[in-house]
Structures are given as C-alpha cells and as structure tokens.
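Two complexes are shown next, each including subunit A; its partner changes from subunit B in the first to subunit C in the second.
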Partner chain A sequence: MLPFLKILVRNIIKGPATEAFPFGDTFTPKRLRGRAELNPERCLACGICSHVCAGGAIAMTESADGRGMEFRLWHNTCTFCGLCEHYCPANAITMTNDWHLSHEQSEKYTCCEVQFVEYPVCKRCGKRMLPHLHQRLAKGLVGAVNTAEIMQICPDCRRLTSAMQQIKSKTCFSTDRSNS
Partner chain B sequence: MHKYLKQFVHKSPWLYRINAGSCNGCDVELATTALIPRYDVERLGCKYCGSPRHADIVLISGPLTTRVKERVLRVYEEIPHPKVTVAVGICPISGGVFRDSYSIEGPMDRYIPIDVNVPGCPPRPQAIMEGILKACEIWKKQIMEVA
Partner chain C sequence: MATYSIPVGPLHVALEEPMYFRVDIEGETVKGLEISAGHVHRGMESLALQRNYFQNITLTERLCSLCSNSHPCTYCMAVENVAGIDIPERARYLRVMADEIKRLASNLFNVGIMAHTIGFNSLFMHVMEIREQAQDIKEGVYGNRMDLAANCIGGVKYDLDDGIESFLRTQLEEMKRPLDEIYQIYAKDPLITARTKGIGILPKKDAVRLGVVGPVARGSGIAYDVRDKAPYSAYDQLSFTVQTEEAADVRSRALVRLREAMDAISLMEQCLERMPKGPTVPDCLPEIPPGQSVARSEAPRGELIYYLKSDGTDRPQRLKWRVPTYMNWEALHAMMHNCKISDIPLIINSIDPCISCTER
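Entry: the complex of A and B
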C-alpha cells in the first residue's frame, strides 16, 4: 500500500544527494589519477615515460650546458592514463589525485609540470653523468666493490677503477705462481 | 528596461554543447554534470539549451575533425555575442591522443577563440563544474562591458 511513502521517508532521512562542490567540499578518491608529478631527486632521466606516454605529453630535453635534463609534462595533452607511473623504474613519477586543472586560455601553455633533473658530478674527475639508483644499489649490491663509493664516480672512472683492481689482482696471482 | 535586465541577466548563463568529433567520453561527463542531481549544474544558474541562438556559454568537446569543422564553425557563428567558450577535455585544447592525425584540423583555438580550458580525458564532472564556474565569471565581466 502506497509504496511511495517508503521512498519518501527514506529520502527525507537521507537528505539531498547533490554534492556541495562549487560551494563546498567534494569527495576525491585517494587513487584518482589526476595531475602527474615528478620527483626530480629520484628521476634517472631514462626517458621511458616520454616513450610510453599515450598523449605525447612528456618532453625531456638536455640543457645546453649539459648540467641536466629538463622534464616538461604538458597537462593539456595528458590523458591521466598512468602509463608513465607504471613504467617508471625509479617511481619518480606519481599521479596525484589533484584534479583542479581548469585554467584560462592565457595559461594554456604554462599549465605544465616542469622539473629539472640535475646530473650528479663524478667525485673523481668532475664530469657530469647520468643519475643512478644510488640508494637502491647501495642497499642491494654486495661484494668486494664499495658500491656507495663507486656509484659516485662516472662510468669512465669506474672502468678505470675496476681495471686497476684487476691489474693489482693479476700481479698478486703471477707472483704467487712464480713462487710455487 | 535595459538597466533592469542587466541586474538579472548575468545570473543565468545558458549552456550549449558542441561535439566537434569527440569520442563521446567528454559528452557523457557533460551530460552527467547537467542531468544527474548529484552535480547539479543548475545551482550555478546555468541551463542547457537546445538552440545555439539562446546560448551564452559554449562547451566544446572533440578535436575538430575535418568533417565537422565547417559545421562547428557555422553553429559557432550563430551564437550571439557575448559568448564564452569552454574547451572540455584535452582534445579541443591540444588534439590530445589524436594530435597530428590526418583527419584532425588541429587545436580548436586555431579557429575559435577559447576562454577556459578544462583538461582531462575525460575531465571529472567536478572539474567541468569548476571550468563552468570560471566561464560564468568571464561571462559576467563581458556582459557588464557590453550592456
């Protein structure tokens, strides 16, 4: 009998379904894919993000003086697909749940995520080199090589160090043999 | 009469929606913003209208394909001045994933002056609301200058 009464009472208890948004807060899920963000300290400048980017939103250009890599993500062609986040080997790119991206036309080309990934300096020769997984390697690699030290020098210096080590070990070996 | 109207007219801009070859994703979001009570766009005084001649704020979605270009421009010309254009989704702003395609006439602002951009693929209903809110402010200014 009169089924609408049930609905009426339920709706009165529930209150309005309209979100308060333009005048109040709204619900944003934690895992919503919104504006992408780069942590320049973790970035390896490998460029996989710009390779997989569906919208071609990411441009990575090396600075003229070779000091580092400029990372530029234009939000106006980002599809929020999250591929960059998925493929980033260093977890440097994250999709934040910030969706407040609407802007006026004058800001069209400045609506970017711009970060500068500075190349670390080799401790021995002072040359710039590509960034590396410093923290991870220091934790993961074990053995005779001091990883914490070897990761702070450029590949050329690293090669030299390992060659020197080999020479040393060979002389040891040959002397051992001559003695026997 | 003119002054009397001026007090009220800026309170209720009418929305008009143009699909310039969109994949329908943004149009679904636009319908969501307009039609369901959850994100009630009519609280802002906005109302969807069916004719471009009644429109004040134009919401354009889609990357402007070659086939619809002439029609979009014709419909756009029919909208009386002052009008505010909102580009909904990344397609009208930059071409999005269709950029540099053979059948895309490029970003919308080559042909139509855009006022507000709402990036997203598609944007959230709340983001569209935010864009419409910005467009309302611009429209208010324009109507004050004209009237």
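Entry: the complex of A and C
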C-alpha cells in the first residue's frame, strides 16, 4: 500500500477530477461528432450520404409535385460515424459539436434533421431538374458550351441545345457529360 | 475432499461481459473448467454481407469498443489489398496514431480493472483518471471517446492542424510521469504483487501450443507482435521494442500492457515528428474488383486477421475476422489449472477478454 499512499494524498489535496455536469458547465471539443446538419443550399441530392450510411439514418424522398427532395436524417438512428460528412461531394453535411439530443418519448418520430432541397427550374421549359450540374460546372467538368446558359436548363433542353450546336458545327462532341 | 461445480457468469460481478464458466472445485481449488459462449452473438458477419464497402467501415468499428480502431483499420487494409490501393504517406502515420491512442486507453483500462478486481479501488480510480487524458485526446482529435471513425478506404478521414498538434503534444507529455509512477506501483506494490505474482501461469510451451497472441503471448516470453513481424501502416518507419516478460503470470501480462502503453506515447510522438505533409485520402472513390485478400494488424489484445472475398459488386461476398481473444480463451484452461476460486476473475481479466468481438 505504501507506494500508493503518496498518490492518494496528492489526489485528495487535488480534489474531485469529475466535472460538475449537469449542475455546472462541461467542456465540448470543437471536433466532437454530434448532431448532423444539412445545408440545403449546397446539397446536390446525389444520395452518396445515404449510400454510405451504415445505420440507414438518411432518407431522401422526392416530393409529389417534383419540386424537390425532402432530406430526413434520423438522429436516433445515426451512429455519428461522420461518413456522410466525409463523402458528401458538396460539403453539405456537417457534424456539429452539439450533443444535446435528449428528448421526450413523444418526440421520437420528430427528432430528425429535415430539410427541403429545392430542384432548380429549367429556364427554357420550366421543368425541375437535379441540382448536380452546378457542382460539375464548379469543377469545370462541363466546359464545351456556354456554361451560364447550360446551368439553367434541364437535361432535355440541354440535349436540344447540344443537337442544335452540332448541326451548326462540323465536329461532333457531347456537351452532357453529367454521367461521366 | 468433496468435489462440486459452481457457475461463474454469464452475469457476474467481476466479469464485464457475459460468458459462462462452469468450474469444478475441490475445496478451494479449481480442478476443471468448461467455457460456453454465445450470449452476445449479433450475427455481424452476416450483417457485413448486407452492407456495402463504405457502410462496413462503420459496422466493423462497432464490433468491439476497446479495439474499435483496429477493426475498421484492418478491414480497410483488406479492401485496399484487394483493390490494389496504396494509401498516402501521411495517412500511414495518422493510422498509427489512431491505433496507438486506442492501445494506450485499452491497456490502461485493463490494468485498471485488474486493480478493481483485487479490491484496490483507489488505484483503479487513479488509473482511470490517467486514462481520461487519453479519452480527452480521442474526443478532441477524433470527435468521440470510443469510436474514432478515423479510417476510410484508401486513407484516413481526419487530419491534424497546428492547434491539435500542440494539444496532442501537451497531453502526451502530461501522461508520461503518472504512467511511470503507476508502473512502479504495479511492479512493486506488495498488495498487487501478493495477488498477481505466480497466479495464472501460462508456461511458454503451452502458450506456443495454444497459439495465444498479444500481451498474453508476450507475457509468456514469446516476442510476437504483428507491428514488428509484418509492419503495416507506418510501423516500419518507427522504432519500438516488442515488450516481453518471462514469469508468464497475471503480473507479467499487466506489466507488458503498461510498457506497451508507454511505448504508445513514444510512437505517437515519433509520428508527430516524422509525418510528412500531403493528402490523407485519394481524391476518387475506390473500385473493388473481384478477388480475395487477407490483412492483419496488432490490436491491443493481439493479432487481428481479416479475410475478404469480393465479387465485383458493392458488397463483400464474404468478410471474416479472426479476433485475438478467440485464440486466448483456450489458454484459460492452462492458466486456471489448480488455481484458487478467488483468483478466477483476476485470471480471466488477465487475458483482457473481449467477448463482443469474439462472438460478434
């Protein structure tokens, strides 16, 4: 017992090592993986986040009117692994360091991150389309035609534009590389 | 003298996880032992086949809480082997760091529980308080106290910046002295030695015969460590000694674990010194061709092996793991032979059993 006595006395003088929580404050590191959050402005509705999610916590449902997509992340199913954040190509998901997720039993079906990702409208025909082209453009992947124009039209109209361009030009090239 | 059988477990005050032991007793002495498992079987090998390669990173991390980094790390190594992916240089060091912080915390937890089993609760609390610094590192650098979520296929998901690096250095520095101090206590304290010296002996001959791994093997004088025998990540660039003890008892296994915890600090410091700048993940998603591969690593409890068979789809066709505790169970027969009833929990704890990964 003797060698430990010194440590014991030191620990007694030092006082409790535990934190005062819940009666006092506690420290939360900046990098803590807590409640996930979606920025609908950035989301491309690409679905990679729900593809990598082991818990199956992310559900993406297209709205009946085709106006966009409802993104629903169930906090109670989430394992806080951060894979969605890591693989999201648009940095739309963030694991915040907020860990205050306790809630009443009656709220168990609403304890979700719910966001609506609105699909952009085709400038020409008014149809809704997936927002993934923005991203591609940002990466310079579609560069053959007038980018400002193509960003605002849907794939059908893009095909038309492309066909018209090809009629005009001698060389054939495809402008829609969104699947590549 | 009368012989009778007593049950230990599956729920028992001294066992942290469920396992059933039927012990045949003659007086106070153990004469026979029967171990039966299966209380926490969760069918994870089957679950892994129903999930794609990405989801399995998270699933394998949930196999076991104490070796939680070794599993996804070895799984990713197996996937990288089949896909022929070379991970970036910086990621190699970051993987070592994640592995070693887990080893540090896991080994401290085990020797802490040993003190608790002996009834030396003030020492147990003290060790857990030192371990708390390792937990702070995990939370501050990785974002969680147990599941680091450090790995992904082709590299690691996290990186260090200047602030985090200096935080790491201070925390590691602060742990050195208390660790030296408790090492002396575990080595010399009369109370600890009285309960651990000469208890649960696993002679080297039996250790070889039973194929035990990790600190159990090294505590019996077998210098076998995957980090040394088949270096992965950046272990070939770092220097450390394979810790061994010759007495082959409960005490030697605890001392091996404590020295490995100290080595873990030195390994992390070496990583901080030598880590090159650069990317931590490849910038494209991996393609997994059909094939088979094996990967192994040194988890805190010993050699961990992953076998992967892929068929070119996005899910593994077969994923199988051989966990260290599986090899160490059988050694309990040798260790407990003729031991006293009161030493049973101590001996079981000395193999640092992880039932959740053995039964998955």
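One rule holds in what follows: the second predicted complex is superposed on the first by the 143 of 180 C-alpha atoms of A that agree within 3 Å, B and C clash if a C-alpha of one lies under 4 Å from a C-alpha of the other, contacts with A are read in each partner's own complex, and residues count from 1 in each chain.
The definition used in the following text is that a residue touches a chain if its C-beta (ideal position, glycine included) is under 8 Å from a C-beta of that chain, and two chains touch if they have at least 3 such contacts.
None of the values given here were measured: they were computed from a predicted structure.
Novice: Determine, under the contact definition given at the top, whether A:Val52 touches first (subunit B), second (subunit C), both, or neither.
Specialist: In the superposed model, A:Val52 contacts subunit C only, not subunit B.
Novice: Figure out whether A:Cys112 sits in contact with subunit B (first) or subunit C (second), or with both, or with neither.
Specialist: neither
Novice: Contacts for A:Thr26 in the overlay, against subunit B (first) and subunit C (second): which applies, first, second, both or neither?
Specialist: After superposition on chain A, A:Thr26 lies in contact with subunit B alone.
Novice: So in the superposed three-chain picture, is A:Val121 touching just subunit B, just subunit C, both, or none of them (first/second/both/neither)?
Specialist: Once the two structures are laid over each other on A, A:Val121 reaches no partner at all.
Novice: Report for A:Leu130: first if it touches subunit B alone, second if subunit C alone, otherwise both or neither.
Specialist: neither
Novice: Which partner chains sit in contact with A:Leu160 here, subunit B, subunit C, both or neither? Use first/second/both/neither.
Specialist: neither
Novice: With the two complexes superposed on chain A, say which partner A:Ala17 touches: subunit B (first), subunit C (second), both, or neither.
Specialist: both
Novice: Let me test your reading of the model: by the given contact rule, A:Glu104 touches which partner, first (subunit B), second (subunit C), both or neither?
Specialist: first
Novice: Identify the partner contact of A:Asn76: answer first if only subunit B is touched, second if only subunit C is, both if each is, neither if none is.
Specialist: first
Novice: Which parts of subunit A are in contact with subunit B and also with subunit C?
Specialist: 17, 32, 54-55, 79-81
Novice: Under the touch definition given earlier, write down the residues of subunit A that touch subunit B in their complex.
Specialist: 16-19, 21-23, 26, 32, 54-56, 74-81, 99-105, 107-108, 111
Novice: Considering only the defined contacts, which subunit A positions touch subunit C in the complex?
Specialist: Interface residues on the subunit A side: 1-4, 7-8, 11, 17, 29, 31-33, 51-55, 79-83, 86-87, 95, 97.
Novice: How about subunit C: which of its residues touch subunit A in the complex?
Specialist: 51-52, 54-59, 61-62, 120, 122-123, 126, 129, 132, 139-144, 147, 149, 152, 157, 164, 181, 184-185, 188-191, 285
Novice: Over in the complex, which subunit B residues touch subunit A? Could you list them?
Specialist: So the residues of subunit B touching subunit A come out as 37-40, 43-44, 90, 93-97, 99, 109, 113-121, 123-124, 126-131, 133-134, 138.
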